[in-house]
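Contents: one structure, followed by commentary.
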Amino acid sequence: MMDSPSYMLSKIAEKDNLTVYELFFGPNHPGMHGNFGYVLEMIGTEIVKVRPNAGHLHRGFEKLMEQKLWVQNIALVPRICVADPDPNEVAYCTAIEKILRVDIPDRAKFLRTITLEMSRLSSFLMGMGALAAAVGLYTAMNIMTADRDLILDLFEWLTGARVYHMFSIPGGVRNDLADGFVERLYKVLDHLEKRLIEYDKLLFENPIIHKRLKGLGYVSKEDAVKYGLTGPNLRASGNPYDVRVDDPYAAYPYLDVRVITQEGGDALTRAIQIRLEFEETINLIRRALKTMPEGEIRLNLGNLSALKVPKGEAYAKVESSKGEFGYYVVSDGGMKPYRVAVRGPSLPAGLLLAQKHLPKMKIDDVAAWMASLAICPPDIDK
Amino acid sequence: MEDLKANDKRSYIDNLIDFFRKRSIWMLHYCTGCGAVELPPSMTSRWDIERFGIVPMATPRQADVLLVTGYVSLKTLKRIIKIYEQMPEPKWVLAFGSCTVNGGIYWDSYNTITNLAEYIPVDITVSGCMPRPEAVIDALQTLMEMIQSGEGGAYKKYKENYEYYKKNQDRVLRKTAPILGSSETESIYQEKEGNYET
Amino acid sequence: MKLDKESIIELLNQKGVEVLDLYPNQISVNIKKDNLLNHLVFLRSIGFDHLSFINAVDFIDEGEFELVYHVWSYTHKIHVLNKVRISRNNPVIPTIVNLWEQAQFYEQEIHEFFGIIFEGNKDLSPLFLENWVDIPPLRKDFDTKEFSVRLFGAEIRR
Amino acid sequence: MVEILLVPLITAFISDIFIKNKRLVWFLFLISNGYILYKLYSLYGKWDLTYILNTDYQIFGAKLSLGLSNNPLGWYFAFFSAVVTLVIAIFSIGFNTNSKGNVAPIWMLIIFANLGIFYAADWITFFMMWELMGWTSFFAITNGNTKALDGAKYYLALSLLGGSSMLIAILLLGAYTKTFIIITSAYRLIQLFNLAEGVFTTILLLFIMAFFIKSAIFPFYMWPSKVYAVGPEDYIAFMSSVMIKYGIYPMAIFIVPVIGNLQLPKIFNAGNWMQYFIGYLGALSAVVGTLLAMFQTDMKKLFAYSSVANMGYILLGFASMSIVGFEGSLFHVVNHIVLKAAIFLSLAAVVYRTGESEMHKLGGLVYKMPITFLTFLFGIIAAAGIPPLNGFGSKWMIIQALMEKKMVVLVISMVFASTGAFMYLFRALVSIFLGQLPERYKDVKEVPYTMSIPMIIMMGLMLLIGVVPGVVMKPLTIALDALGYKVDIATWTTLSSSFKNATIDLKIVFYMFAMGIVVAALMYLFGNKSETIPQHDNYTAGENPIEWGVDADKFNYSYSFYQPFKEMFDPLFERISIDRFFSSIGKNFEYISPTIQGLYKRGEGAVLLFSIGVLLFILGGWIL
Amino acid sequence: MIAAIRVFGYSLFAIFIGLLFMGIGRKIIARIQLRLGPPFYQAFLDVGKLFARKSITHNFVMDLGMIMSLAGLLSTMLFVPVAGHMAIKTSSNLILIIYLMAIGHLGMAMAAAASGNPNATIGVSRALTMMLGYEIPFFTVMLGLIIFNGTSSLELIAQSQAGGILNWNMVKFPLGFLAAEIALQAIMGEKPFDAMVAPAEIASGPMVELGGKYLGLAFLTHAVSIFVETGIMVNLFMGGASNVFTFVLKQFEIYLITILIEAVFPRFRIEQAVKFLWTVPMSIAVVQLAIILL
């Protein structure tokens, strides 16, 4: 008598397998972000079983990196996550620097930090836009994507590329800020801060959004750690953990990073978490710009094309907008890495949580659930 | 001269239809690879390709243009072919980035194809790794011109040379007997673990 | 209760495992295959609750695979690389799915790319590749360039 | 006039004798139905024909007389029932070629009872026929099918409840009004209201209970779903279209005149409490029937609840107590007879070919059974009350009448029910005929001509009544005129209500729809040519379903069709336990009457014997 | 013959106005989203292209359904008085219009479900659920007006409001207008009530398998439905119009409100939408009805 409806549905499915039908959610589905799929077994509009269908974006990164020179791989790594590429470069370079046991100049650290945070902003804008699109609010998506372009323009000015910047190199960064860049960056930050009010009205304070996302895909505080969630998803469940504070890299030790946590753990909390971290990121960039020292921007490691890294291994991790990006680099002392292994942040959410959450969920909510967890398929597939 | 003659045959009706087609391109956006990330900017407020009547569509039945936005892994290729075949005619294919021409940065990867045009006919390839929104818009405008002049018709090529495409598809998707790997290694792995299916 | 790196090294040494101090916040531990589960259970019991990921390295010259279990503690802020070496000819290792559920997918991935068998893991079906018939691609003896040329007709560039 | 009663009786006996020869029996069935129809046609207009057996017996001071009369309203019910029964009879010949039991003799007996009910002049005859119909239907439903026993017992239990309450009511009526003649008793009952209001109300409520049970009005809405799900399909077509109206007929000739002539204070300027009582029960059965129909998985159960909802509409029309509503209701009776018969014939055709009545196990049958599909489509369009077909006119009249009387809650529930009807009807269409065709039905064929021709006739009837409602409204108007109602509502193609400028011309609606079809078809032809592809070639987000082990069966969304909607009502349905109450009665019934159990187990011969016994008893009572 | 020509002319007019509105609507939404947007005649180009395209059908039900859906809406349109004119002079009974409109839905639903795609069927199931959601409040508002005017003829209701803006039902019954406007949002299938097409959930629902001229017919159906629905609203609440130009302008005002709401709202889940429709607009409508009755 106390059975929940979904429990009864699974009973029905056992009794009569003709009640079940299958729906293909992805890879080419308007609600799917990226090239990824779930094969959903459904009764009515409720999901009873899910089979994740990954690997559409598998390029064999880890194999390709073994074929290329240390510095050539800088071009390859950002491509693992299109939405938020810079953490990859920084993690890879940090791992190399760890094996080399060198410390890069302070200004380089700050420049890396600023690019990381700018990348975080752009990724958050994209993530919020994806969430808005998943619930049908295309106006917010339009405006957010256009605002993201302001950051991409800055990136283009700084690094010469809109999306794949290849800015960090072993030993530092490629080039210094141009004249007027900082002023422009301040302006963009002010603009984004003003826009945040509009986003609130459109998206985060919208009662319909609250109705739809409240209680969706709840992750408890303990489960979030147990399942290996990282980043905003972890913090939205009430765990005050952030790689930037716990295992600081780049210039974060010099900056006062405020870790935002919320209790709640559902999709709405995660959406608001992103919005709060977005605001905090703007402030963090301002603080970083204020405290940035003058000086060298890279170490002289000789001819980078002929860079040899001594035998050894290191794991470097970076807090990306989606969570912990980790690079495990093994060197045999040669011109090329012996093995590079990548830890993408989306795997626990995209594969494990999908199997935990999607059953008992309605088909209505799959896209919004994915967007709220910021699942980025390329870093699952690698 | 021959080209001119071909143009002469086109009646007003044809021109009108091509005008409609040109001004209302609906695209199906197969979001493989990096190019996908530059499509939202081109579709939204800043570049706004909807002013040319170009809108994204949900399913292949509704779409005129298939956008393959980057490298194509084997698993994706299979789906792309299925979707391409599901699209009604006339249809066009836009391939993004160098990955679809020669494999780009992934040219030596074991899981990405090098030249998309071997498997489905590609009308326009957009250069760049990855193409900027301007390049995307330029490609779409080129496509519009091609449609108006009656050039864009790679889908006809697919019908005519179906065997050629089919052969290539089957080869890489391994629908036929296994042609890869020496028979020795294969047998070793079959003995060791049953999970590797031939 | 937060422990610093030294006391953790001490604790592990008491357990009889070989510990290498790598970097600030990062230590490396070499363990035996038979000891793996006990060791990870112990680590978990002292607060190492986050399994970052698992990866394998193919040391072809030594004829061994090295599996690295990345474990992080949110309380102690220490990252531990737990390394296990197994023979390349008989790549079998017990699964840790019962400890961390997400290990399922890492193990599936490693099985697919290296051919390592995880004893006790019920589902080792391919996750990323379809109809793969060659040797597992991330092994060192697999030549992706040659493969690409052969199958896709890629041109070799110098 | 007596011969139309005798013919089915004789046919029933003859077919009992030749029960093994199926072809002959069903042929006899058809012939006698044809004869009844012919005879009824010739009775049109002869409203003063009566056949009365006077006796000297008196019960409570009321003279006992048994009689038949050619009552105009009874003729109206009987004639259109006979039309549909004839069509079903044609269908049955094909349908019963390879069925196990043989329902024809009992069915014929039921037709006898059917005519008896519509032609009864007094309550005693009416009651005997009513009881005969109840008992015989029990055997018709089971028809040698053990699984059907539970449903049939449930029906019998309710029938007995209704029968006994009616008996008490008749005796009370006789005692207080000193007559058993139906028409006279109605007038005397109205006078009784001023003398003894308590008795009046008791009699009325007892009658209403009996009638409501037979017509499955709330709170007795459960039996159709149990009975229809198990009975033989062709008989169910008859039962759902004709038999469910037995409660409506006495409502129309007895209850409505009584309540309509009472001078009771009005509530909110709209109607008196009696009207509201009937109206709210009608609204409840319309709404509850609709909601329950939406959530069924068995198609026969779905349409059983649909019948409940339709009885609700009819009651709503009665509740308005205006001539538009009354006539609308009576019009809806015929519309429902026709459309429900059409729907159940097509369902019977589906069951005949596939042997399956669970909707989620069917699908894609439109490829294999196009005529059945079209009949069903016509049926659901009519049932949803969409204009070019019948069903619209009557619903329109009922809604107009309710709006005129400002019974806002009732009219809103009527609109709720008829919009909801669209939901469950369409769900049945999708699940049975559209979607993917499962592998196991690849060899299914269209039904033979003997079965498809009746279905085509049904389609024609629906279209005819839809466009020219006069074919029903003319006889109805004349019948009502004969009963003394002043009616001036319908011409051949128009219907009107007493609102300003509220006349609709269904002919013009049909023309406009035809024009619409022409314009749309021109647009369609204007477009480029299209190519037909196999059903399984579908958008699957790029995946190949076969590779994932997904066949046609697993690519059909039909189970739990309105799940999000259902979940809104789940807490409500858990509280409704009327079903459980009556189920327990049905279950305990076998302990109360072991005779029935024994009879049933002994097989057909015993059934026959028993029926003959009952008949003799009735005939004996009649002659005495 | 003349009647046939008139019917044809009215149909083309409705289609023209509907497509024009769709184009302008897209332009307006684009401006709200800080974009330039397509030209106002884009809908015509789309329809022209769709009809010129080769199309794919699964079986004859798909063809039948699409024709039925357009035919149903066209015949509904013929009963809606356009500035007092009708193609064939007959009574424009509101109940008839409501029921006739259902045939369009039935056709569309049939064509969608005929494809056998679960996405389409889910969309259909949602569309029908939504129909039950909006029909009740909308009918309640209509009921109030019918009882107030003592007629169920749309034409008479429109005529009764003649003589200036103060006589409009919109001014006399603001609550009813509000409730009807919310319900209209759902009738038109615009956000927040567009769960039936929801591309991110069920890949555009009923339209998932429609392409070429089938989608073109769906476009035309949508265009006519815009005309019919705004037309009903204008006749009910804005007093019809004295000439066609004013009528279309008033229709556009109604459409504009819909579009503006559409642009800034996300979509409800289907059961939330139905609950919303049965609580907020329904209670407003009931209050309005009570005011009229008492």
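In order of appearance the chains are A, B, C, D and E, and numbering begins at 1 in each one.
As a convention for this text, contacts are C-beta pairs under 8 Å (C-beta built on N, C-alpha and C of every residue); 3 or more make two chains touch, one makes a residue touch a chain.
Computed from a predicted structure; not experimentally measured.
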Chain C and chain A - chains in contact with each: B
Maximum centroid distance from chain E, chain identifier (CA atoms): C
Centrality ranking, top chain (CA atoms only): E
Farthest chain (mean CA position) relative to chain A: D
Centre distance in Å when chain A and chain B are each reduced to the mean of their C-alpha atoms: 28
Distance between chain centroids, defined by C-alpha means - chain B, chain D (Å): 59
Averaged-CA centre spacing for the pair chain E and chain B, given as whole angstrom: 38
Residues within chain C bordering two or more other chains: 126, 128-130, 137, 142, 144-145
Contacts with two or more other chains, residues of chain A listed in rising order: 21-22, 27-30, 32, 42, 45, 55, 58, 60, 63-64, 67, 142-143, 146, 362, 364
Residues within chain B bordering two or more other chains: 30, 44-45, 58-61, 75, 78-79, 83, 88, 108-112
Full enumeration of touching chain pairs: A-B, A-C, A-D, A-E, B-C, B-D, B-E, D-E
Residues on chain E engaged by chain B in the complex (per definition of touch): 26, 30, 33-39, 42, 45-46, 48-49, 52-56, 199, 203-204, 207-212, 215
Of chain D, residues touching chain B in the complex: 531, 537, 539, 541-544
Interface residues, chain E side, partner chain A - complex: 29, 32-35, 118-119, 122, 125, 191-192, 194-195, 198-204, 263-270, 272
Partner chain E, residues of chain A touching it in the complex: 21-23, 29-31, 42, 45, 132-139, 142-143, 146, 202-203, 206, 208-209, 211-212, 362-368
Interfacial residue positions of chain B with respect to chain E in the complex: 16-17, 20-21, 23-24, 44-45, 48, 50-53, 57-59, 61-62, 64, 88-90
